[in-house]
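Both complexes below contain chain A, partnered by chain B and then by chain C.
Right, the complex of A and B next:
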């Protein structure tokens, strides 16, 4: 973790023309919402994820992670690599509770 | 601009306790600086199932829970300007056996003794409230004023509001030790140099013990590993917070539609997590088996992610919320033992009063002293 000093922004939030663009498709989070979250104090990609749900949907951020990083980096005038990565989570693909439970009994060997 | 290194109050720990107390202090005009090792809410604050629960709490911390539910949670979204997704759908704690029923009855008795509206109901009555559960449920405790909320937006909502009121947060800084000057707490020594304040609040979860030790204060708390699974979104089924007497799992359906269900394997003290937030291959299957016992109709719902966190587990499963006599100026708020989220908005009131007035006047925390631990003989 790099050191970050966080204080409230003094200048007002300025909307942009392409703010309506959907960035996280699973959770339908727009560029404007991500920009505003950064303005309101979110400084890492995990904080944006927790605040907005961007990257929390079915694909778990596999589609939008880079896009979110780039938008944040532009807003904060920093490198995308300084914003961290979305924490990878098991399972890699959605799996039914029943399968996870090892309760399936009709699988035969051979 | 000169970097801020001093404040009236330094808060160690940018979790929900630290963020909420920073907010309360800043609202009263206090100059606050928060130091956080990682990200905002990286510990238990963003790693819990969001229970806002009074039932099955120890009467010693029940005043905090009852105050929060009666006075803070219902208005919190408006107060913070962030949707904390608070739902007061009640809490069912389910039992499958006679023994479970006894466990629940004992809790109900303890809670009603201190004025909580909670009662035992039959399995059929429970199924009337929540028709999705198995016939195997023979009884339950029911507390209609319990509920749940979103720990992520609540924690970050307090953070955002504190920031807005002028609080400075420094993240990515590790506190190494506290130092006294003329008998009073004064210096917070970090890997980024020294920060100074006349009051220090230590609310760093499971890191608190290590830091308290540097000024000769110890507390019987340890890290305890726990995991949570999250499912894909489902149509709205119920608003009730679910717990089970057998401890297989707990959780709720979130506003988003996903189920957020936590638990452990029972072997978590011995499985290797290497102090990282990894999940263990034993746990999700174990929680899944528990879910199917009580809610068989959820068996085809898909799990989209699993995550883990650590409790700051205290020996008596209760927090330490107090001013430290031996170290004037030091206030502590840790040891929440896995159920701090729901009471956090009330804890922050107690902590801000401890700092500003020297004692908690709004809520009774007299049973949660830091020096209550005695040897067994």
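Right, the complex of A and C next:
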């Protein structure tokens, strides 16, 4: 279990030069947005995912999870291991919505 | 609901090996893989693997993949391709997307062998087309037959960065440089050396600051870093490249293990978030196992053994193997894994770069770690390099304790000895007479063995070296000999070219050079300045 200690960041958010850099390519979330989310109270990677959709796109965080973790850890002055992993959820890969309606529970195979 | 005794997720080296082992014991097993073709990353690996014979050493990765597939086919392992596992639910229910439907399966046991994904590095412009992962470069070159670019900057000097750099060179690209934020080359020295001798510069303690370009990469700005890995202002340097290849490690793809509610932790030595495993590979959820890179980043050879090892335990639990049968197999696989997990680059030593001497007590080369090649002074500390004898004899520039011994097996006269512990450096038996067959040169996965003859005559010597580029030099060609950093040193005439099916496309080329350059000439370039 990940212990979350909620201490709001009291310092004001200060913009940085590279805030415009895209971190989550699928959802086009920038480094600045992720940094700001930390100042707005997000403490785990799952919270940032729900708050910003970073890691919620096509690749499901495969590329950006580590990057988001590192940015958060730097802002929170903590270790990435304290921030958790994006909870694995089905579907683990993108699946077209109409396929969901085509459920085969009695698979016949040769 | 369709039920199987064992569902394996992923038909890469670990998954296929696990399925083969289970099928052999008589289990009812099915393998799902989302790709069109099985084999995982093995089919992208065109280089020769390390290890010993039982680990398929000196065999190219894709051939190991072919052997594995044949074994799976001959046993009748059911491998379902284009089958995307969507999720793992309670009571080991697995949903699989196939043919526009969600298919439901159930299993008594599940082995997750989903492998790993590449890490990325964020820098200004990293989302411009032309910034690609090293795995993507391999897919383009070795699967699809497409050259990824023409002038490439490689970011990362680990084994992946070094191996892919060599493959890019083979595909006809120019490697403008290999950079790494660390002060030392991360991968095997022999991999670095075979790239360096073609003339590729290494920039250690350097990072990428920016990818230039709007629609595609037109350049890369690199800068030196301080000991906190921060770019030092004023050290920026712009390189003209059209491709930036990123090889900064892998992360286990543990999403399905997380989805199955397995206990997960971030273990840096495993490469990221992984399921916590028992010694037999079982997660905290009974009956769900992990094998291969998803359990911790290693390489394909250990993934294959891990897959087999985990499967033997699954077979034991299902009653397909007796306690004794299991123990015999398990011990054998663990011993084979143990061999691969030794030496300076073992998982235990991951990230360590403070070795000052080899296991034999020879001083480790600092130039190799800083520039990718060794100086002659440093090589002088290694007996297998300094060994001299009238006539042709091997000169071995293998200076790190890595688990590998094909040189020993390849020498029919027993001239080269590695011994029981395969991480020991090869030694030359002075009693045995080298016949100059060149098999050691071709079989060394690190391309670190040369055959030298100082007594060729008339002030000349010959140096035989491994060559894996096209066009292959022909006897009678006149060109330039290059040293270990790819600098031209003297004129060279090609006097012999050996090819054979056992050498598997590694050509052993012998060049004649003036005797004075016998210790420096290590590679060859057609044409160039002569004299």
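Everything below uses one rule, namely that the second predicted complex is superposed on the first by the 92 of 110 C-alpha atoms of A that agree within 3 Å, B and C clash if a C-alpha of one lies under 4 Å from a C-alpha of the other, contacts with A are read in each partner's own complex, and residues count from 1 in each chain.
As a working rule, contacts are C-beta pairs under 8 Å (C-beta built on N, C-alpha and C of every residue); 3 or more make two chains touch, one makes a residue touch a chain.
Model, not experiment: these values are computed from the prediction.
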For A:60, is the partner it touches chain B (first), chain C (second), both, or none of the two (neither)?
both
One more residue to check, A:22. First (chain B), second (chain C), both or neither?
second
Report for A:87: first if it touches chain B alone, second if chain C alone, otherwise both or neither.
both
If we overlay the two complexes on their shared chain A, which of chain B and chain C does A:50 touch? Say first, second, both or neither.
first
Touching partner for A:31 - first (chain B), second (chain C), both, neither
second
First, second, both or neither for A:95, with chain B first and chain C second:
both
Where does A:40 make contact in the superposed view: on chain B (first), on chain C (second), on both, or on neither?
first
What part of chain A is shared between its chain B contacts and its chain C contacts?
60, 87, 89-91, 95-96, 98, 100, 102-103
What residues of chain C sit close enough to touch chain A in their complex?
1-2, 34, 84-89, 95, 97, 100-105, 117, 119-120, 122-124, 126-127, 251, 253-260, 264-266, 272-273
Show which residues of chain A lie in contact with chain B when the two form their complex.
1-8, 40-44, 46-47, 50-51, 53, 56-58, 60, 84, 87, 89-91, 94-98, 100-103
Interfacial residue positions of chain B with respect to chain A in the complex
3-4, 37-42, 46, 152-153, 155-156, 159-160, 163-164, 166, 168-173, 192, 231-232, 256, 277, 279, 284-285, 288-289, 291-292, 298-307
Write out the stretch or stretches of chain A touching chain C in their complex.
18, 21-23, 25, 31, 60, 62-67, 80-81, 85-93, 95-96, 98-100, 102-109
